[in-house]
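Note that the chains take the letters A, B, C and D in the order they are written out, and that residue 1 is the start of every chain.
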Amino acid sequence: MTAVFARLPFDVPTRSIVMAAALLLLVGGWQYPQFFSPPYLAQQLQSGAFLGIVAAGAMVVILLGHIDLSVPWTMTAAATVATAVVGLTPEVLVSEKGVLAGLAVGAAVGAVNGFGVAYLRIPSMIWTLATNNVLMGILVYFSGFYALSSRPSPLMSMLGSGRMFSIPNVVFVWVAVSLILLFILRSTTLGRRIYMVGTHEPAAYLSGVNSRGVLVAGFVIAGICSAMAGMLLAGYAGQSYQRMGDTYLLPGIAAVVLGGTSLFGGRGNYSGTVAGVMLLTLMASILSIMQAPEAAKQIVYGVVVITMVGFYSLRERYS
Amino acid sequence: MPPPMQYLESAREGALIDAAPLLQLTGIGKSYGGVVALRDVDFDARRGSIHAVLGENGAGKSTLMKILAGVVRPTDGAISLDGEAYSPTSPADAARSGIVCIFQELSVIPDLSVAANICLADPPRTRLGLIDRKRQAQMARDVLWEMGVGQDIDVSRLCRQLPLSKRQIVEIAKAVIRRPKVLILDEATSALTASDVKPVTDLLRRLRDEGTLILFISHRMHEIEALADVCSIFRNGTHVETYPTGSRSSDEIVQLMLGRSLTQVYPPKYQVHATTEPNLSVKGLRWNGKLKGIDLQVMPGEIVGLGGLDGQGQQEILQAIAGILRGVGGTICMHGTPLRARGPGDGISGDRRFALVPEDRKYGGLFLPLSIRANLTAPVMDTFARFGIISRKAEAGTVARMIEQLQIRAENLDHPVETLSGGNQQKVVIAKWLATKPSLLLLIDPTRGIDIGTKQEIYRLLRRLAEEGLAIMIYTTDYDELVGLCDRALIIYDGCVRAELAGDDLSEHNILKNALNLGEAPHSREAQQ
Amino acid sequence: MIIRTLRAHMRPLTAWAVLAFLIVYYLSIHPRGLSIGVLTAWSNQGTALALLAVGQTIVVLSRGIDLSIGPIMALTNCMASHLVNGGPVEVAIGMILVIATGAACGLLNGLVIVIGRMQAIIATLATGTIFSGIALIIRPIPGGDISEGLSDFFSGDFGGLVPMSLIVILGAIAAWYPIRKSVLGRTIVAVGSSESAAYASGLRVKRAKIGAYVLAGVFASLSGLFVGFQTLSGDPSIGLSYTLNSIAAVVIGGTALTGGAGSIAGSIAGALILRTIGNLLFFNDIEPLAQPLFEGLVLLVAVSFGAARLLRMTSRMEAFQ
Amino acid sequence: MLKTVARSASFAVMAALIAAPPALAETFMPDCYVPAAGVETIIKYERREGPYRIALVNGHTGIPWREQMIKSVKAWAARPEQARDIAELKVISTGSDVAAQIAAIDNFIQAGYDAIAFIAVNPTAFGAVIKRAERAGAVLVSFDNPVDSEKVLRITPEWTTFEGEIKTQSVVDQMKQPKGKVLEVRGIQGNSTDRDRHVGLERVLANYPDIEVIEVVGNWDTGTVQKVTADAIAVHGQFDAFICQHGCRGVTNAMEATGHPIVPVGGDAENGFVKALAARNIPGISVSTSPGQGPVAIRAAIALLQGEALPATVNLPTPNVKTADMNPNVNYFPDEPDTFETVTGYGSCGKDMVFTPDELNAKSAGNN
C-alpha cells in the first residue's frame, strides 16, 4: 500500500474487498438465485456507478488530506441548474447547454471549497459544511421563487437511464471517469502533486509545489464529479429534485476508506475505491432485498467498515 | 568482542569505581523483518561513569538505546540492571526501573508549560489528586537552577514559544528530575547552543559524581573527548570495542567506526576570483524584529557559512531569501536584479534559480511514504511533462543521472523514500534541488544527524558544485563545518552580522568569541578541555 | 502578563466577543427584549449542542475526532426515554445507566481506535452508524416518557434570574477544570500536542486517548439527557446534524482540529454562536425562503473568522499549521 | 411591551377545553374542519380583538412540499380579505433540530404572538412548550405531522386511513385479482408517519391473504425509491402492484427502465409521478396531503382567536385521484416542475383554499 506508484493497482484492500463482495454475492445467490442474473448484476452496476462517480471525487479530496461535505447539495445544485437551463432552452441540441451549466456549477463550488481550504485555511470539514448549507439556501431561495424546470436534457436521460448492450450507460460514464482519474493520478504532474500535498503540505511548499493551486484543483475535480453524479441521477430519475444527494455523502467517503485510502492523505489506490463502491452497493442491495430492518442495516454497515479497515491497519502493522 | 574491564585502571578521577557493572547486556540482537539492526551485542557499563557510544548512522546505537529505554524490544539476549533481569515494556516501565532516555527527536510537549513538561511523568498532586501547579512550578524552577539555567527560562511559558536550544534544556531537566540510575542522551546535545553546553556538561559531570551512569551518543568528537570517561564503538550492528577516553587517536577512532580509514574529511578550498559579480547580494535585510539589517554577498564559486548561537536569525536569513517569510524589509538581489520570491517554487525556473534545502528532511524535505523517484523529481517534473502529462522515459533518464551524481544507494526507486537510510535520504533532498540547476544553493544544517561517511560525500559534492560556479550559503550548527568547509563565515548575533571571518581568521576560537558577542570567549569549549 | 494571557486566549476570546455581539443584537431586535423567558429559550436550545461541543473538544484536544458523538447522544436520549421516569430512585438509577451507556459507547470508540489502530474519523463514523442502529431498535419511533419534574427543573430558570440550562453549561466548564488539572487531562493535552513526545516521555498515551473518548461519550450522554428533559421523549434520528455542528462549534471556538491547544469555554461559545445564528431569523423580517441562505452565509462568515490569523502571519509556513 | 405581557396574562386563564358533544355541530366550517373519528372534544378560546400576530414554525428545509406550503401561506395571507385579521405573519424554518423548533415557539410565545402554527419535527417533543403556551395564552395549532397532545388543535391527515383505506384499498381494487406480490416502498425509518402508514397498509392487506408484501425502504427520495424498486424487480422478477409512500416517480421510472409490465401503482401527488401515471396510463392512484394545509391551519388559528370552536383533532379530507380520472392542469401540470405538489389546496375548505400554480409562483416572486 505504501508503494504509491506500484505497478499492480490491485493492492491488499482491493483484494480483500473483492473477496468480501464475491462472498456477499455467493451468500446472496444462495438465497436468491436471481443474484447471478444479468439484469440484477447490471442493476447493481448502475446503482454503483452513481456512488462510484461521487467516490472518485471524494477520493481526490481525501488523498489531499481533506474531506468534502458539500457533496449532497453540489449534486442537487448541479442537477437543478442543469434542468433549469434545459427548461429555458428546450430545443434538442441547445438544451445540452444545461449539462455545461451543471458542470460549471460543480467546478465553481469546488473552486469556492478549494479557496476556503487553501487560501483561508479553514478546516475542510467545516468550510465544506458551510458551503453545503449556503448551496441549500440558494436552491431553496430560487426554487421557492421560480418554477424551475426539472426535466433533464436528452443527453442526461440517455446517459443516466439508457442502456447499451443491456449495460447501463452510466456504467460507461463511470468507467470513463475512472480512467481519466486514474490517468490523472498516475501519469500527470497534478496527480503527483496531489499525493505530495496530501502527504505533507509544508514539504510540498518547500519542494516548490503550488500547494494552494493543487488543493483548489482537487476540490474542483471533486465538485465536477459531484455535479456529474447529480446530473446523471436527474437523468436516471427523469427529474431533478431537492436533497437528491443526501444518500451519497457518507457512502462515498466510506467507499474510499474501505478501499484503503488514508484519511490523513497521500496514501491510497483508486482500484480500492472502485472495489469499495461495489461492496457498499452490493451490501445495500442485499440488505434491502432481505428486507432487513433499518437498524440492522446500520449495524451491519458499521461492523463491516470497522472490520475491514481494522483489518488493513492491523495487517499493515504486523506485516 | 570487547575486552572486558580493561579500562578500569584508567578510569578518570571522580568516576566511582564499582566492582560489578550497573548495566549488563548479553547477546542482544534485534531485527526488523529481515533487516538486522543489532547482532549479538555484549555490553557493560558501570555506575558513576559517562559512557560514550560511537558509530556511524545505522551502526545500531540508537536501536540499542531504544531497547534500553523500552521503546523497542530485543529479539534475542538478556539485560540485567543492578544485578536484576531487566526487560522494559515501555518508556514508562523503563523509567520506573531507573532508566531514562533523552531522545534525538525532542519529546517536550509544545502545548504544555515548561513546568508541566519538566514534571510530566510524576507531577505533584494536591490532596484531591489534582496537579498542584504551584509546587510543580517550584520543582521545575529548582531543577533548572540546579542545572545553572534557572535565570534563562520562565517555567510558566509554553514550550512552543521557546527556542530549540531551550527546549533541549527542558528535555534534559525532565529526565534529571526523575533522578535516574541510568541517563541516556541520544544526540541530546546536538541542538544546544554553545552557551547552553557548559551548564549541561557541568550537570552531567555532577550527576556522574553522584553515581549516575550516563550513556551518551554524539557525533561531536569534541564533546566526547571533553566529557566521556569510556567510549564504545559500534559498527554494522555489532559492538566493536570499548576503550577509556584518550587511549585512541582520532584516526584510530574513525577507522574503528568506518571499518576503513578516512583520508580527509573536508575537501581542499579553492580561491574565489574577486572580480566576478556577486551572485547574491543582500542589503539591509529586516524582518519581524529578528533580522536587524543584514548585509551580505555571495560570489559564484564561494561557500559562505552562517554561524553563531542557535536562533540568532541565521535560518531566517535563508528563509527570507527564499521568500518563505512575509513582511521582509531591505533588498535581496540575484545577479544584480531584485528577487521577490514568494517561496521555493519561485526559484525553480527562470534565469535566477535558487534552491533551499530545508532544515529537517522529515518535516520539510521529503514525502516519506512516496517513492524515491517521485521525491527526486518533485521540483522538476514539469520539465519532462507535456500538458501536465509526465514522460516516464524522460523522468527515468533524469533520475538515473541524479542517482549517479550523488551516489544514492537505493534498491528500488519505486520504494518509499522512508526505506532509505538517513544519509541517503539527505542526498535525495539535495539531489532533487540540484536537478533544478540552481545558481544559488541555500542549505540549512544539511549534515545534522548524518554519519561521517555521508557527511564527507556531501562536503565533496558541495565543493565540486562551488567549483562549477554555484554560489552556496550554508547555515550550520557545527563549528567544525564552518571552519573546514566554508570559504567565509558570517557570525550572526541578535539579527546582525557580528563578524565576517575568512582565511586564517576562520577558526573555532574566533567563531565562538563572536558568537557569544564577547571581546574574549571565557567559556569557550577549548577552555574546558 | 495580562496582555500575554489575552494573546494566548485570543481565539476563544474572539468567539465570546462574537457571541456577545450576536446576543446583544438578538435581544435588541426581540420584541420582548431581555427577559428571563427569552434568555431561557435561548440558552435551552444551545445547551445540548454546548454539552456535545465540550465532549468533542476533549477528543479534539487529544488530536482525535468523534463523528459518533451525535449518535451517542441520540442513543442515550432514547435510553433516557425508557429509563428516566418514575420515582426519584428510579430516575436516579436511570440517569446513571444513561451516563454509563454514554461512557460505554466512548469506551468502544477508544478501544477500536487504540487497539484497532484505526483513524478516528472512520472508526467513529462506523461506530456512529452502529449506535444509530441500536437507538432505532430501542425506540423505533420518537416517543417515551421522561420525568416531568426534572424536565421542568432543567428547562426552567433558577429563581427567575438565571436559566437552569445556563447553569448546566457553566457546570460543564466547571466539570472540565478538575479533569484538565488531573493527570488524565494533562496527558490528553500532551497526546494531542505531540503523541510521539508523550509516548517517549512515558505518559500513558493509550489510556489518555481512550479516556478522551469516554469523556466525550459521557458529555454526549448528558446532552442526550438534556434533550430528553427538553422534549420529554426520545428520538433516534436527532444525531447527524449535531455531530457536524459540534465540530463546527469546536472550530469556531478556536480549538485547532490538529489538537493540543484549545479551550472548552471557546467551544461552548462556538455552540451558542451557532444556535444564536438561527435565532437572528426570528424577528429579522427575512423572507422565509431566504432564511436557509441567510443562515448558511452567517455560518460561512463565522467560520471565516479563523482566517484572521493569516493576517498576523509572518512566515508562509505558518499557514500549514 | 408591558401591554403584551398584561394581555398574555389575562388570556392565560381563559384558554379552555370544553368537552361538550352537542357543541360539535356548531364548530367553525364543519365541512372543512372535520373531526377525527371518535374525537368529541372541541377546542375554544376566549375571543380577542384582531388583527392578530401570527407565526408559522416550519421544521425541515429543502423539501419542495414545505416550500410550497410556505408559498401557499404567503399567497393566502396576502389576499386583501385576510389583511384585516392579520397584523403580522412571521414564517420561520428551523431545520430538523427539535431544540431549535421548541426555542422558536418559545420565542414567539415570549414575544406575545397570538397564535403559532407549526409542523412538529417529532410528535412527542412538545409537551413542555405546549404547557408554556397555555400559561402565556398563546394559541398553538399543529398540522400535518400529528402531535401527541390533546391540548392543542391538531390538523392532520389520518395516516393509517390515508395509506390503508384509501391508497392500498384502491390499488388492490385495481389489481386484476387480489393476489400475488405487492411491493411496499416505505419512508424514513424512525419516523412516526412511516410507521402509521405502514400500519394502515397492513390493516387493509390483512383482508387479502393471497397477497404477499415485499418491503423496501425508499426514504421518500425519488432516486432511492427508484434504486430499491429496480433492485426488487431484478430479484423478484415481477410484482402485481406497487404501493409507495413518497418519491413514487422512482417506482414508475424503475418500471419503465426494467420493462416491468403495467400494474397498479399507488403513490404520492408530485407532478412527476402523476404525469407518469397519466402519460403511460398506469392504473393507480395518487394520494397526498396538500401543502394547502398551511393556510388551512392559519385560518383555523384566526378562527380560534375570534372565539370560534373547532374539534380538537381535525382530519382534513385526503385528496386522491385515480389514473382514470386524471386531467391535465387539474391533476397534473405539464408546465410545472416534477416536484410541484399537484394538490394545491382543499376544495372542501372553500374556494380561497385552492391555489393555481401561477398564483403560488407569482405571489412569492413578486412580494419580497
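Here, a residue touches a chain if its C-beta (ideal position, glycine included) is under 8 Å from a C-beta of that chain, and two chains touch if they have at least 3 such contacts.
All values derive from a computational prediction rather than experimental measurement.
Q: Between chain pairs B-C and A-D, which one is joined by a greater number of C-beta pairs in contact?
A: If we tally the contacting C-beta pairs, A-D comes out ahead.
Q: Measure off the straight-line distance from the CA centroid of subunit B to the CA centroid of subunit D, and report it in whole Å.
A: About 73 Å separates the centre of subunit B from that of subunit D.
Q: If you average the CA atoms of subunit A and of subunit B, how far apart do the two points sit, in angstrom?
A: One centre to the other, that is 45 Å.
Q: In whole angstrom, what separates the CA-based centres of subunit A and subunit D?
A: It comes to 35 Å between the two C-alpha centres.
Q: Can you pull out the residues of subunit D that are in contact with at least two other chains?
A: Residues 61-62, 67, 70-71, 189-190, 364 of subunit D touch two or more partner chains.
Q: Going through subunit A residue by residue, note those that touch at least 2 other chains and give them in order.
A: If we look for residues of subunit A contacting two or more partner chains, we find 136, 140, 144-145, 202, 205, 293-295.
Q: Provide the list of subunit C residues touching at least two other chains, using ranges where the numbers run on.
A: As it turns out, subunit C has residues touching two or more other chains at 136, 140, 289-292, 316-317.
Q: Which of the chains are touching one another, listed as pairs?
A: A-B, A-C, A-D, B-C, C-D
Q: Contact residues on subunit A for subunit D in the complex?
A: On the subunit A side, the touching residues are 32, 34-35, 37, 39-40, 43-44, 46-47, 50, 136, 139-140, 143-151, 161, 233, 236-244, 246-247, 285, 288-289, 291, 293-295.
Q: Note which residues of subunit D are touching subunit C in the complex, please.
A: Residue positions touching the partner: 1, 4, 58, 61-62, 67, 70-71, 74, 90-100, 102-104, 106-112, 122-128, 148, 188-192, 194-195, 364, 368.
Q: What part of subunit C is in contact with subunit A in the complex they form?
A: 112, 116-119, 121-123, 125-130, 132-134, 136-137, 140, 244, 247-248, 251-252, 257, 289-297, 299-300, 303-304, 306-307, 309-310, 316-317, 319-320
Q: Within the complex, which stretch of subunit A touches subunit C?
A: Residues 67, 69, 116, 120-123, 125-127, 129-131, 133-138, 140-141, 144-145, 201-202, 205, 250, 253-254, 257, 262-264, 293-299, 301-303, 305-306, 309-310, 313-314, 317.
Q: Applying the document's contact rule, which stretches of subunit A touch subunit B when the two form their complex?
A: Per the touch definition, subunit A meets subunit B at residues 2-7, 187-190, 192, 195-196, 199-200, 202-210, 266-267.
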